[in-house]
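Take a look at this one; I'll ask things after.
Here the chain labels run A, B, C, D and E in written order, and each chain numbers its own residues starting at 1.
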Amino acid sequence: MTHDNAFPFLTVLVLLPAGAALVTALVPDGIDERLRRLAVHVLGLGASLATLALAVTVAARYRAGNGGFRLVTDHIWAPQLGISWHLGVDGISLFLVLMAAVLFPLVMLVGGWSGDKAATAWLLLLEAACLGSFVALDLILFFLFFELTLVPVYFLINGWGFANRSYAAIKFFLYTFLGSAFLLVGIVAVAFIHEHQTGHLTFDLVALSSTRLGTASQVILFLAFTVAFAVKAPVFPFHTWSPDAYAEAPTGGAVVLAAVMAKMGTYGIIRFDLTLFPRAVVDLAPLLLTLGVVGILYGAIVACATRDLKRLVAYSSLAHLGFVVLGTFALTTQGVTGGVVQMVNHGLIIAVLFIVIGWIYERRGTWSTSGLRGLQRPAPVLAGVFTVAMMAALGLPGLNGFVGEFLVLLGTFLTHRWWAVVATFGVVLAALYLLWAYQQAFHSEPDEQTAAVPDLTWRQGALVLPLVLIIVFLGIYPKPVLDRITPSVQRLVEHVDQATGTHEPAVARGTTVSHTTKGSRILVTAQHDTVGP
Amino acid sequence: MSVPGGWYLALAAILFSVGAVGLLVRRNVLVMFMCIELMLNAANLTLVTFSRMLDDIGGQALVFFVLVVAAAEVVVGLGLVVAIFRRRENATADDLHILKG
Amino acid sequence: MIHAAFLMFLLPLAGFVVLALSGRRLGDPLAGWVGTATVTGSFVVACITAAGLLGMPGPARHFDQTLFTWIPVGGLNVKAALLVDPLSMTMALFVTGVSALIHLYSIGYMKGDRDYPKFFLYMNLFVASMLLLVLGDNLLFTFVGWEGVGVCSYWLVAFWFGRPSAASAGKKAFLYNRLADVGFLVAIFLVFERTGTLQYQGIFAHVSSIDPASRTAICLLLFAAAAGKSAQLPLFPWLADAMEGPTPVSALIHAATMVTAGVYLMCRINPILGLSHPAQLVVASVGVATAFVAATIGCAQQDIKKVLAYSTVSQLGYMFLAVGTGAYEAAIFLMVAHAFFKAELFLGAGSVIHGLDDEQDLKRMGNLRRWMPLTFATFIFGWLAIAGIPPLAGFWAKGDVLDNAYVRFPALWFVGLVTAALTAYYMSRLSALAFWGDDRWRDVLKARPGQHGQGAEPHDAPRVMAVPLVVLAVLSFVGGVLLLPWHPGWAPLSWLGPVFGARLYDAHLSGTSLWVLGLVDTVVALGGLGVALPLWSAQAHRPELEPAVLQRSYFLDDIYDAVIGRPGQALARFSAVVVDNRIIDGAVNGVGRLARLSGTGLRRVQTGFVRQYALGIVIGAVGLLAFMVARAWS
Amino acid sequence: MTELFAAAGHLAIPRISYLSIMPVLILLGGGVGLLGISALWPRQLPPSAGTAVGVLVAAAALVASLVQWVDVSNHGPHVAIAGAVVQDGFSVLISMLVSISVLLALFVSDTWLKRERVGGPELQVLMLVSASGAVIMGEANDLIVVFLGLEIMSIALYVLAAFNARRQESGEAGLKYFVLGSFSSAVFVYGIALVYGATGTSNLPQIADYLARNVLLHQGLLLAGVALLLVGFAFKVAAVPFHLWTPDVYQGAPTPVTGFMAAIAKAGGFAALLRVFVSSFGLLRSDWQPAVWLVAVLTLVLGSVVALVQRDVKRMLAYSSINHAGFVLLGLQAATARGVEAAAYYLFTYSFMVVGSFAVITLVAGPGDAAHDLENYRGLSRRSPWLALSLTVLLLSQAGVPFTTGFLAKLEVVSAAVGAGSDALAVIAMVSAAIAAFFYLRVVFTMYSGAPATAGAHVDGGGGMPAELPRPSGALLLAADVSVAQAPTAVSVLGEQGTGQPIPSGAVVAISLCVAVTVLFGVWPAPLTSFAHLARLIIQ
Amino acid sequence: MLASATAVDSAVFVFGAMIILGGAFGVVLSRNPVHAALMLVATLFGVAVLFIEQQANFLAAVQVIVYAGAIVVLFLFVIMFLGVDRLENLAEEPLPAQRPLAAAMAVLGLAGLVALGVEGRWSVGAHQVVGAARGQSGGDVEALGRAVFTTYLFPFEATAALLVIAVVGAVVLARRPSGRMPGPSEAGGEPAGAQPSPLPVGEGEDSSSGGPGELEVEEVAR
């Protein structure tokens, strides 16, 4: 951990959208409506773009090195409570930050709410909270941001959502809030055990990672943490808020929920569970892996029976996050890296899917596959964009989705073979429901109503084009991303290994194996015996 | 040799219980107040008994304050009763249940 | 010049990008020409590269071109790299060559289609993916191409997505492949786990350190993938449905190139496969079984393209038989020859279909040799080639396969032989129905106002379509003859030696045996031909020879539907409605309801009667008192 | 103490440390003084005048508390007036909290008095005197002083609850409160008697001292007394099952009084409860902790669960206050310095939230103080956006949403509980908070939805229409600073646009202050948490 | 145990206890509130007797004067004034389970306390913390006075506040509402126009009957 810079990039990164939210809310109501809308629009877009620029700067300044935290800011915030304003990025969080920063300007524009004062303010606040939770290195600070996201989302769903929005909003809020209840208690308990051992009350992740915890307490605390994260992600069987919330949320809200906020759950698992409770992670890995696999299959199976495109995407999201869980608990470099990559990829993909579905709704007033037919004929570009995202979602190599899924499965295979094999079938199921839905909605000859549907406008095309390009680019050349993620992941995996005395398979690390382009390598066959379940 | 404190205490306990039960079973608000007075008296008796057993004047001083409190309570309580039941015929505590749930 | 190898797949890819960006503006037929040009360019590059490779000394014919590092994570270091060796170049040459011809053909065939530019867009992408598959220097990169051709196949089969059947067929093709690909992925994992690399050379260098069980597992897993891609038992039903796509697609993807990818893959991993006898047996058995089963089905199909589709399946079965017997070179030989004659057949069929206003039913054809002489003339070559009539390519290639089977697994050889007879039979049936007999198509054309106008008569294809037909016909003939080992110096196939290793393929057959076996093949082929031709040119309706079980491909679709499809749907519905809605969501809502209910229940305590409140306090007080006193007591 | 009796026949009046009781004296004297002014005033004393005097008094009490704080910081905690009162960090914090609460409540009641026109300065007088009782409870160092403080506070509250003679509910609330309150007082006194008997003294340090020096052969008497004392306190702080009066009284009492009562009664009750139990009965904690544990669980769960089904907002907040009491009990159950601190912090922040909430409710209730149904809140965001926003902030803070003081308060008590090993209790508390969030959100949602929700149009295939736009019209985060910054103009901003009636500035001040504190110290917690850190009992 | 006491003491205790309990049961069981008040007097008197028996002479006097003399009179006054002296039918109990539960609780609580006493399971505290209650030169009055003005000085002062509240409270409560008293259903409405005239409020220190006194005047005038 180094303080690379005098300039507090991350603090600004978090506070910029928050401040913009404040300013937006202060735009007086009295002035001319057009002027007000313009001001709000400029504020919202400007702030989110500025945040994006800042995030890009952060990424540009980021040097992977040994995978430790960079751009660290550490100030005492509430001294009596041991809370500090401790921010930092590493390879794991860097791309989540970037992804969030990329998506928020888009969300500002696609929701049909640009210029709406309240929506813009909420969105900016949400952006601040999302970014905050990805860069917070203090547990309570993380929790603060983690929880803060609920409020804007609640209002966004409730204010701009669809027919059943209030049910969905409150279900979302309560469910996640309930999950967080355990998290908070868990956080506090860790801090107190640490205080008991060192006499120093702190919620600092780096400090707490050295806390010595017995196996039993690790397991309990791990469960407390993981319930909250599992709800947020969502991980089977804690997912039932998500179809409702995704379906009822406005397009932009659904994008943020599924693309950014869901990642806070899986990110939390990687960042906190693995750091704080390595023993429990190793011991309970089979359980979590099973949940991940069940999520993958179950999400896909239910998606097969879903005719509502948004719900379908929600269930597919369950499946995709199952991969993240799988990779995480594989506890191999490939698995965890794949999980992180999958988080980013899934965010991008699902954003496109939800945005396109939103546009379909604008055009046809429905997103049920049974109400749609033959969309591809009148709207080939829209269909094309959807196809790209869909193909990425079902893990077509060459698009970004594949890289994450492959790494996850490979990494899992190295330590937990049969889970990986079963999960691989999820790939088939993903193709099944996505293609089926695609066929329903886009294929066949369109009926009269659909035939009159306009294709994407230039503006809309320009909105999704960056995402599509990123999807393709990350599929073809993920190296820049992987190079930054891997050192941090290796650090984490090493931490787990050291704390538990387990060893990542040599193949995964590739350190003990001499490696040349010809692929000549020496393998100790005895090591293979320890591999696998 | 006087009567052992335990007997006084038991008596006070009985008095206290009778007062409490009275409060529970009587509907007339004024009688309920009286029951509270019974309970306070039980407490006072206890205090005096302890004061004697411990040979400590503090207990009696406490009784003194309890008496004052009892008086103040009664004044306000009766004021309340007057304010509420002024226009009612034969109102009881059970008649007051607008507020519930 | 060998360094230009990457251009091979980059050119079609560039074509794809150009068409994606401005296909609509280019329009019909310019878009088609762009597509054809890039693929042709690719073919030229392939030729140059091959020449470069030939310039190297035999055993060193191997060139690795790393483009960039693709996935570097820990011990995993996957490069985007091309492997240029005799095997991949053989594949690349015929893939690009056939593709170029079919592109050319398509310019005419697809004329006037609504999505004309898009067709070439997909086709170009397909060629690029296919080349990726062929040229990839590691399993994962091959997998990229593998999936790429799969998705292109999906798009192209579902090209006429307005027809629900086409859309379904595309989906079906993709799903079958996807399912099979599980095997591929798991094999990749296993390989990585055992060897720490995915690069072919690296893997092969460590074949000996892989334990036998894993070897077999790897081979069988990859074979599962190959069986999906190459439509082997039990995963072949998709190929017949895939005929919903435009005929050039069937010719290119579902006959000449993509479906052979499985064979290529098995050949590619020959160093592992060669060490696993169980896997070899499985491959050979499945191959020959598929060949036989598909041939029987082919005997009863009415749709001209479906007959060809099953024949493709059958031929692929032969190829696997060859692979399983270790006769990789034979497999490749058959693959190339098959690419020629099957493409020829498909294009001919396409010409027929084109001429009959999209009629595909054999029973509504007949006597077309009169009206479409060029088509007929070229078709004959394909027909006779596949039937195994010497000296066409099919005879030599198939003979090679059967000879090897005869040595390794005589039982399989016998099945293969029977299949050869069937092949000759059903192909002759097809030809008879289409080109002999009566003009059964007249009422069809009358009833349907097509581009030819009512009552018009079928005619030959335009010149752009004719050229590929002729070229392929020539190749079907020459392909076999030229490849024969006329004299020791002329052994084109021996250049595959470095890839497969001489030790793996040795027929051990004397010259006499070879002659005898060849004779048997010929007799059998002629027998099938002789039976079918008179039988079916005389009469088109012979229900007794077309049992339903064959017509409906052994009810395989129905069985899958009953065993997997419908239970799957039921499971999905059950999961969605009962598990998710009632149980999981029900539990969540139930907790909410429980809270509400208990709230409602508890508020009843709040009666509004002050005396009851006092009672509550008393109860609480007594409770506390009892608790405390009890503590004191103990 | 014995030197007092050294000279027989000569009465040695103990030195009176006026600073120690200065807030009490100011509040009490101010109350009586206000009474005098109003009596001497030729005509009806206008409510503004009463408010002005009351606010001055409260402010003076606050200043006095600050002086006490300086004194404690410089000279350390000490007892005064023959050991009857104590001046330590905790007591100072409580008297500040009470002073501020009464100050805010006076602002709110000013609005109410003007609107309802229910007479003179007695309301303010009673509030001031009641507050003095709460302060006494906070600094009481003797059970009898606790009892007297409790009675001073409670008797005033009984009257305040019944203050609105025009509403039957008000009278009923007063009487119910009185009957049950006196009943619990009697129990409490009996408890004092038993404890006195068991220890020979009613002085808190002496009790602790006695328990520390002697091993009781039989603890029955003592523990019975402790149980009864707990009953008395639990009644005051509305802990289950002694909470039954709470909903009725909160609902029936005049709204500003409800807010005041919620803040003061809890503060006073918990102040004394914490001091008595943690410092005097600290050695018995293993005996009473399980009981408190159980009470806390019941309180947490019942408070949140029953509130779910309430439609009357005041009543709902009554149950929510029960839930909050459960949280403070976490601090007591921990029985550690951290627990006391956490409880103090919780009470401090809660008083702002609850007074502010009831201030808004007072305004929404309208003339007659009757419109408390949830339906009355529908569309409030349109009628008066800032009011809706303020209530949103306060309710979210009560729910424990981050970056509000409510969250930190919950964090503190949960920390205390976990620190004391009561993890299960902490989990239950947080779960109850999640349940509670539902009803807070329901109010918020109602405020921000215009027309009745388009029910039943579930999107079962895209049949749903995009919602009409009942949109929140402001950002939550800002409310505090905004309303403070714009306080002068806020009168018109807050104004109910429907009626064109400006909202009285008294309520504006109170609400702004509450919201400001809630958000400001939620975002910037250091000052308040450091402050609460000083809330140390003299003996623990 | 009783036997160990002197006969007189025992007799006085028994006598006092009988009066106390008789009065207490009388309060609870009298159908007429007036009778209940009178029974209360008996109890208070009995308690005073036991005070004397335990050398709390001053408190006994205060008990009789303040309780029996003032408080009970106040009760009676209000009973008469409001005319709520109807007989209460004690045979019926509208609230189900109220009586059985009350009885059960009383028995349980009492059992606990009494059992503690009889078993002797309680240790009593330290002797003479504040000051000796017996054997003082000035008797218990002086001892009490000394305690109240030294140890209990602050509580003593605090009682002043209590009395202030009592006065103010009584005044506030007794004041006639200026408007109607709407039922719960029609709650709200316009506040009545007329302001109530402020009652003259004395700063009386202990006039606990001041409030009701004023009330009487008003009611009579009506």
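By definition in this document, a residue touches a chain if its C-beta (ideal position, glycine included) is under 8 Å from a C-beta of that chain, and two chains touch if they have at least 3 such contacts.
Since this is a predicted model, take the numbers as computed values, not measurements.
Q: Which chains are in contact with both chain A and chain D?
A: Chains that touch both chain A and chain D, as defined above, are C.
Q: Name, by label, each chain that touches both members of the pair chain B and chain C.
A: For chain B paired with chain C, the chains in contact with each are D, E, in label order.
Q: Please flag the chain sitting at the greatest distance from chain C, going by CA centroids.
A: E
Q: Once every inter-chain C-beta contact is counted, which two chains account for the most?
A: Chains B-E share more contact pairs than any other pair.
Q: Any idea which chain sits dead centre by C-alpha averages?
A: The most central chain here turns out to be A.
Q: Please identify which chain has its centre, taken as the mean of its CA atoms, farthest from the centre of chain A.
A: Chain centre farthest from chain A's centre: E.
Q: Approximately how many whole Å separate the CA-defined centres of chain A and chain C?
A: So the centroids are 36 Å from each other.
Q: Could you give the separation in Å between the centres of chain B and chain E, each centre being the mean of its C-alpha atoms?
A: For chain B versus chain E, the centre distance works out to 5 Å.
Q: If you average the CA atoms of chain A and of chain B, how many Å lie between those two points?
A: 65
Q: On a C-alpha centroid basis, what's the spacing between chain D and chain E, in Å?
A: The computed centroid separation for chain D versus chain E comes out at 29 Å.
Q: Scan chain A for residues touching two or more other chains and write them down.
A: 174
Q: Of all the residues in chain E, which ones touch at least 2 other chains?
A: 95, 98, 102, 105, 109, 112-113, 116, 120-121, 124-131, 146, 151-152, 155, 159, 162, 165-166, 169, 172-173, 181, 184
Q: Any chance you could list the residues of chain C touching two or more other chains?
A: Where chain C meets two or more other chains at a single residue, that happens at 603, 606-612, 614-615, 618-619, 621, 625, 629, 632-633.
Q: For each chain, which other chains does it touch, given as pairs?
A: A-C, A-D, B-C, B-D, B-E, C-D, C-E, D-E
Q: How about chain B: which of its residues touch chain D in the complex?
A: Residues of chain B touching chain D: 9, 16, 19-20, 23, 29, 32-33, 36, 39-40, 42-44, 46-47, 49-50, 53-54, 56, 58-59, 61-62, 65-66, 69, 72-73, 76-77, 79-81, 83-84, 93, 96-101.
Q: Considering only the defined contacts, which chain D positions touch chain A in the complex?
A: 396, 401-403, 407-408, 410-412, 414-415, 418-419, 423, 426-427, 430-431, 433-435, 437-438, 441-442, 445, 448-449, 453-454, 457-467, 469-478, 482, 525-526, 529-530, 532-533
Q: Report the residues of chain D in contact with chain E in the complex, numbered from low to high.
A: Against chain E, the touching part of chain D is residues 1, 4-5, 8-9, 11-14, 16, 21, 24, 28, 31-32, 35-36, 38-39, 44-45, 81-85, 115-120, 122, 125-126, 129-130, 132-133, 136, 142, 144-145, 148-149, 151-152, 155-156, 158-159, 162-163, 165-169, 174, 196-201, 203, 206, 210, 214, 216-222, 224, 366-371.
Q: Where on chain B does chain C make contact in their complex?
A: 20, 23-25, 27, 32, 93-94, 96-101
Q: Would you tell me which residues of chain C are touching chain A in their complex?
A: 64, 66, 68-77, 79, 118, 140, 143-144, 147-148, 151, 154, 158, 161-162, 164, 167-168, 171, 174-175, 178-179, 181-182, 185-186, 188-190, 192-197, 199, 201-203, 205-206, 209, 211, 568-569, 571-573, 575-577, 579-580, 584-585, 588, 592
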